[in-house]
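A short write-up of the structure that comes next.
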Amino acid sequence: MGKLTIGCFSSLVGSMTLDFAVKLAEAAVKKGHEVDLWLSGNGVMLGKKGQSKFRDYSYLAGTVEELLKTGKFRITNCEACAKARGIDKEDTMDGFGIHSMDWYLASAFDADRVLHIGGE
Amino acid sequence: MGKLTIGCFSSLVGSMTLDFAVKLAEAAVKKGHEVDLWLSGNGVMLGKKGQSKFRDYSYLAGTVEELLKTGKFRITNCEACAKARGIDKEDTMDGFGIHSMDWYLASAFDADRVLHIGGE
Amino acid sequence: MAIKKLAFIVEKLPYKAETSRLALTHAIASQTVEIYLEDGDNVEPVIAFVGDGVLNCLKDQKALDIYGVTSLEMHLKNALLLDLKVLVCKEDLDRLGLKEDDIVMDAEELGAEVTTEVVPYDQIQQEMESADHLLFF
Amino acid sequence: MAIKKLAFIVEKLPYKAETSRLALTHAIASQTVEIYLEDGDNVEPVIAFVGDGVLNCLKDQKALDIYGVTSLEMHLKNALLLDLKVLVCKEDLDRLGLKEDDIVMDAEELGAEVTTEVVPYDQIQQEMESADHLLFF
Amino acid sequence: MKLAVFVNEYREPAILDRLKADKFGIILVQNGVYHATVKKDGQTSPVLSKDAEFYVLSEDLQSRGFGDGDVDSKVKVINYEGLVDLIFNDFEKFIWL
Amino acid sequence: MKLAVFVNEYREPAILDRLKADKFGIILVQNGVYHATVKKDGQTSPVLSKDAEFYVLSEDLQSRGFGDGDVDSKVKVINYEGLVDLIFNDFEKFIWL
């Protein structure tokens, strides 16, 4: 079993890329791997408290909560990216880490695999 | 003098498109025109309260406040798009309208010009 | 008393971003726009798919089952159910090797009476010319 | 004790999205990563601009004056000031008609000792091969 | 119709060749400005070969490190103020690609 | 190196031709799946002419209205579970274009 670090820089709802990242994390955890998910740029929107589940918009908060319960999944928001968007600690879902960008590099340091999703 | 309706569907910070829309609105208002700015999709992030002004991220809240004071500028968030992202009324900056999508069409109805920015 | 025509032109692909989805939800919102307008005033939407955007119209999209999000197919059927005018560019279908049978042509199972119209690009160009405003997605 | 090499490859253009900016801010964050690691462990970043991404390196970017946001030029100078290895693909500069004089080659005014290296694509390919992980922007 | 198209990316938009208008404008903004300033392998961008009036936004030029002198002679440099006038006085309908 | 590239858009990424790897995979996801399923003017996508092993994500195929039968014979259909195995067992480094 290994460790996969995923960095996702694309935004919730507007891009299905975050859906991809969460589904990949889910599949990896199911197979017994550990996953770190780093959210930067607009990806930090995934951590916003109080998202509503509407059929016309993608909704990932439920899956993230389930993943956190496994103990094999860590999810962390980029602090500056979140604050710039008005998302501070009180505004962030429980279970999310909040760190500066060096956290991502440290996670990559001991990862077996890194999938960095930096697209637009 | 005329009325310009701008629809912007791109997100704050991640895309400079919202910067473009706000700067265009500012220039139009300065020339005496009226401007309606409709935010849908990730564009609704512009209305999030408590954004921080950092040099490495674009910051538009100040300009929007100045524009609202002119009385020639209306700015409205798409209600469903905002709620899906966890941005409800208490989370929205003062002065923003919150309406369903038909508001945009009604604004276009009596606009002299419509610039719809629907890009990705 | 005036009717303003809005042309929703969809050229972007589905699912990567929300663009084409928001085109349809905004066009459908024309059903309730009267509450903001004077008596007799209204908005008339037309939706046209061009370029790679015609791929939004494919049948059998399983986005709801897989990603929990309404498929473009369902949005399109809703539009037909509400009697919206939906055009699909024939040249682009041809270029991509698609037939009418591959795309959503009706929503009969929902009770829709209107059907999708496959038309030459020139007709879409004419819709753009006769529209009061363009909304390009 | 281990050093892991991370290659930050930038191919996207600046300003449309945040992509290339976040490449530089994350690479620069390598300066403080030690707080998370065991003694002697560290991360070694290398930044390479390829394809149209070399346009991030142009001089005289006025983004701060106009849009109030740090220019890529300033980020690049910060990277040089912090002794990061910055490579720019020569073939791509040639293809776009750009000379060394057009791009940020140093940050002498800030006191940086390191300079940008214009290198053939093969050298960037080698950096990708010797890196432990790739971060492509 | 009087149609202006906003080109905001540095690649050739597929739809450009099909659009017809009595008065046709192409406005280069954001990363569209590279069409006016950069040659690839010595070749001017194919976008500039369209039969249209060309404009480029000076604020987006300058942000990216270009000045007026870098702009192809076919293209008129305008600022946001000039863009407002274009929108109200010269064109009626707009497409943001 | 063992390199897998994720192609997520329906156009040909410029960098693809330059990347070299001892083992080279191209994984079609999101709107990249059209490369495996759609021909333009009867022509298979140029992406499939690269010297690589090809994979396509079945969840993204199905979301867009395609089934396994629509996929070019060069391309292997995998799901998220298969993708995890590819990532850990078959490749070492990844590029998301």
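For clarity, chains are labelled A, B, C, D, E and F in written order, and residue numbers in each chain start from 1.
We take it that contacts are C-beta pairs under 8 Å (C-beta built on N, C-alpha and C of every residue); 3 or more make two chains touch, one makes a residue touch a chain.
The model shown is predicted, which means the values in this text are computed figures rather than measured ones.
Among the remaining chains, those touching subunit D as well as subunit F are A.
Note on connectivity: the fewest steps through touching chains from subunit A to subunit C is 1. The greatest centre-to-centre gap from subunit C, using C-alpha centroids, is found for D. Taken over every residue number at the interface, the positions common to subunit A and subunit B amount to over half, indicating a same-residue contact.
With centres set at the average Cα position, the gap from subunit B to subunit D is 33 Å.
Separating the centre of subunit C from that of subunit F, both taken as means of CA atoms, is a distance of 29 Å. Mean C-alpha position of subunit A lies 38 Å from that of subunit E. Multi-chain contact residues of subunit F (touching two or more other chains) are listed as 8, 30, 59, 94, 96-97. The multi-chain contact residues of subunit D, meaning those touching 2 or more other chains, are 15-18, 25, 52, 67, 133-134, 136. Residues of subunit B found to touch two or more other chains are 13-14, 16-17, 23, 41-42, 56-57, 59, 114, 116, 118-120. Those chain pairs judged to touch are A-B, A-C, A-D, A-F, B-C, B-D, B-E, C-E, C-F, D-E, D-F.
Taken together, the subunit D residues at the contact with subunit B in this complex read 15-18, 21, 25, 64, 67-70, 75.
Subunit B meets subunit E in the complex at residues 2, 4, 16-17, 20, 23-24, 26-28, 30-31, 33, 112-119.
By the touch criterion given at the top, residues 8-10, 30-31, 34, 38-42, 59-60, 62-67 of subunit E touch subunit D in their complex. Subunit B makes touch with subunit A in their complex at residues 10-14, 41-42, 45, 48-52, 54, 56-57, 59, 80-81, 83-88, 91, 120.
Touching subunit B in their complex are the following residues of subunit C: 4, 6, 12, 16-19, 22-23, 25-26, 29-33, 35-37, 41, 43, 45, 132-137.
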